[in-house]
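The same subunit A turns up in both complexes below, where it pairs with subunit B and then with subunit C.
Entry: the complex of A and B
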């Protein structure tokens, strides 16, 4: 019998560029904030799960050593852009199985150490070794989507305009200035058809979540948030043609997660999805069933996915504006959604939100459209 | 004792071992593999078929003609790549998709257009070089 799990504390540092701060010093303030929020002491915690995509060896030891918490079981997790959310999945299982009552999950990344440019990918991969970069992979998906569904560059740019409008209300976001379609399209070209503003910024960040067995959660938190479903899927290897306008891994992972939660797309009040590039957000509207295939632009332009709409997507600003420090993203999405469900999001609060969804997916290896996808659903 | 025999030779060419390319009268051909048990075509080569786990794989010359599934012109890339350059996915008959650099004026490229394989041009000094390229076979109206 698996136990139910709740989030009792959240913490994150403002995403941004901190070239002079070490990974360890990016991480501990988020962890301490999450423990303060949960009202737990280090000795209450049974195990630590730390996601990092590009942070090097033993990030958890480096971070939790600062807090005098080394000595606990620390599991470091690498799963590309889903590293933080994969760590959450492990932490969830660790409590659900009955092994621990309270664990902490962290996602942390320092991208400024790479001095700008697209995130480094695995050089042993043959497509990467021959010139594939992440913006171009998403750009090829975007071009095909535009071809099949008639979406225009102006419509893609509309995703950024919405994103920045939300981020302007989020003090933890990296890019908080509003923008226009014209400005988005006038920014320099990165990977045609994506201009700079249509790509998530590189930056640094850390986010942490304290998980607790649900039956114990009210001892610590006046407003625990239940983890209704926690799910990870990996991509299928495909040597032949694949439809790059349908993110198969997210479609499959979403179906499995909805089933686990006993919920459907119509039940979701707020979602944080993996908008690493503009077209990705549109494709994920369709993958999650927020609209039908090919109707994502209409959904965006109807205002349904903006704050105040039927299903606000990325109220935090998402990866495009809050920023995308790879492994920190999955954990930070959870921070946002949990705080939304607790009614703590101030000017960007989704009124009456009871059910929230997070989605982090990663790739950059040949033969896989995406390598990994992690989806969580939270309820109050 | 487990035999370990992989056709990829990283020491020979970190980016694609030379036995993936074969000179032909028309220029150059790509050499992948066909699984002798399930028929799946693979490029680049590997030691085991991901479809059926067979190790019974035979070298197979791939068609030199394909269609362009999608492409992007890259303006930001790590060294030693020199930007801009164009990359894309090309679907070949026989159900295999190949990642490739795409030659020709990017403004003339269209989704689904026919493309053909050719040998890669020599790279500039110090710049990375594509192992091969595909380029449009027919003039298309812009």
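Entry: the complex of A and C
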């Protein structure tokens, strides 16, 4: 019988560009904020799990050394854009096993170290070396989706308008100015149909959560949030024709996570999904069952996924506006959803939210096996 | 109550230089061998933990994709030289939690991708940038040890002679030719007192183990080996004078691991320790309590740590001769100790071995907080 696990503290720094700040100095303030929120001190923590995609050697040791926690078991996790949420999965397991009562999970990334240039390519990825970089890959999928379901550029741009409207209410978001469909479409072309505003920005960031055995959580937090399901899946495609409008790994991981939680799409009150590009958010509406296939634009335009709607998606602003410092994203999604379930989100609060979902997926540019997806469901 | 965990299968490739082989193609044969040894198939495995220090993005997904296992939960771990053994710690926890019955753990590294040049430096490590690279750091410690305890260059060289004598019996070792004290001292100087032969070689490698809940292990293996203790610690030094001849992180982690196992140094029948340089093996004899402080040379020269002695250390040849492909090392140590406890090591068999220990430690060049150490104790 696995022990149940709850989140008792959250912390993050505002995502943005901090070229003069080291990875360690990006990370520790988020960790300190999460401990303060939980009312715990370093000596209460049993182990540390640090997700980073491109952070170099021993990021966790560097970060937690700043807080006098370098003697603890520290394990660094690399799982591309799912690094932070994979770290959460490990932290969840570590408490579930009975090995620890309290652990900290972090996601941290510093993309400004590449000086505005591209993230270094892996030489094994021949498709990438030949030009199938992330915007190009997502653009192909978007074009196919537009072809299949009649979505227009203006409708894709609507995802950004919603995103910025939410982010304007989030002090931790990287891009906080509201925008219009016209502005989005007038920004420079990156990979047709994506203009600049339809791509998530690069930047730096850190987010942290403190996990606790659920039976002990009320000692620390007046509002612990239960981890109802924690699931990681990797990429896998059957041979044969593929449908580019269906994100297979997310569909499969979602089904497994819903089953683990004993819940379904109709139970979700708020979700943070991996909107790296506009079309991705639409496809994930369908992958999670928030609407039927081909009906994502209708769902968006109905207002259902906006604050005040039936199932607000990315109230934080999501990757498109809160920013996407690779590994920090998965952890920051959890920060947002936990705070939503605790009723602490001020003007962007999803009223009465009891069940929330986070979704971070990445890799998978190349041979389709190299993808990863991590989904968590939280309840109060 | 945590479930007990056993090793039911082991696999590794011979360590060496494989510049034309991709990381994925280094890894999968070790994983396949471990599954064959355990008598399990991909569909029996619940999750995969892949340790790599410098393997780039998503190594586990690349490797296990080759085996049709890319749909599983795969988590990549970076903990410098302890990456493989930290992955083992995660695999152990994952089974202990009840989440999975069987998991695979791998360590893999391809150092030839650096074309003989140095491993890229982390810019935050100013000491490294100023010349305190690994051989220099260990050399300072060695010089101090020689000063304190009167060890001579010839005595340090004796560690290599023993190492090569063991490796000559190990078909998976990178360097298999026997040597002499004279040859060791005549090899070119790297960092006084270390000549070339006193430094572990660089190379490529992969090693894998299959873990199973102990109560199910006998279904698969006639000779399961129990994981008696699994412990990871990170670096931490109190302020004040430091004794360079005492590897603090190993001393502390060893004490914690012995306590977890309910065993002490007198119980260990065979050990694989992190002999990255000759002096390191000597200091680890003392850190693990195999002898008293300052008496490591006597222990070595008594033959106690050679095959046939009281406590054979590094029967595989250790890092100095088996090789040291960073993350693969910790997993390969486990492969060796498990096979020793199963009585499968042929001419290098430690007769009657019932309790074995592995020790992988790394990082820690810089601010002393950045170290990591993972120790495991196995029993039959």
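One rule holds for everything that comes next: the second predicted complex is superposed on the first by the 366 of 380 C-alpha atoms of A that agree within 3 Å, B and C clash if a C-alpha of one lies under 4 Å from a C-alpha of the other, contacts with A are read in each partner's own complex, and residues count from 1 in each chain.
Just so we're on the same page, a contact is a pair of C-beta atoms (placed from the backbone, for glycine too) under 8 Å apart; a residue touches a chain by one contact, two chains touch by 3 or more.
Since this is a predicted model, take the numbers as computed values, not measurements.
Of the two partner chains, subunit B (first) and subunit C (second), which one does A:153 touch, if any: first, second, both, or neither?
Neither partner.
Who wins on subunit A residues touched, subunit B or subunit C?
Ranking subunit B and subunit C by residues of subunit A touched puts C first.
Would you check which partner chain A:126 touches, where first means subunit B only, second means subunit C only, and both and neither mean what they say?
A:126: touches subunit B, not subunit C.
Looking at the overlay, what does A:140 touch: subunit B (first), subunit C (second), both, or neither?
first
Determine, under the contact definition given at the top, whether A:205 touches first (subunit B), second (subunit C), both, or neither.
neither
Is A:86 contacted by the first partner subunit B, the second partner subunit C, both or neither?
A:86 sits against subunit C, while subunit B stays out of touch.
Looking at A:190 after the superposition, I want to know if it touches subunit B, subunit C, both of them or none. Which is it: first, second, both, neither?
The first partner, subunit B, only.
Could you tell me if A:242 is touching subunit B, subunit C, both of them or neither one (first, second, both, neither)?
first
Common interface residues of subunit A with subunit B and subunit C?
Comparing the two interfaces on subunit A, one with subunit B and one with subunit C, the shared residues are 124, 367.
Within their complex, state which residues of subunit B touch subunit A.
10, 14-16, 40-44, 50-51, 69-78, 81, 85, 87-89, 91, 95-97, 99, 101, 106, 111-112, 128, 130-131
For subunit A, which residues are in contact with subunit B within the complex?
Per the touch definition, subunit A meets subunit B at residues 117-118, 120, 123-124, 126-127, 129-133, 135-136, 139-141, 143-144, 147, 188-194, 237-242, 244, 366-367.
For the complex, which residues does subunit C have touching subunit A?
Going through subunit C, the ones touching subunit A are 1-2, 22-24, 47, 53, 56-58, 60-62, 64-65, 70-80, 86, 89-90, 93-94, 96-99, 122, 124, 231-236, 252, 363, 367, 369-372.
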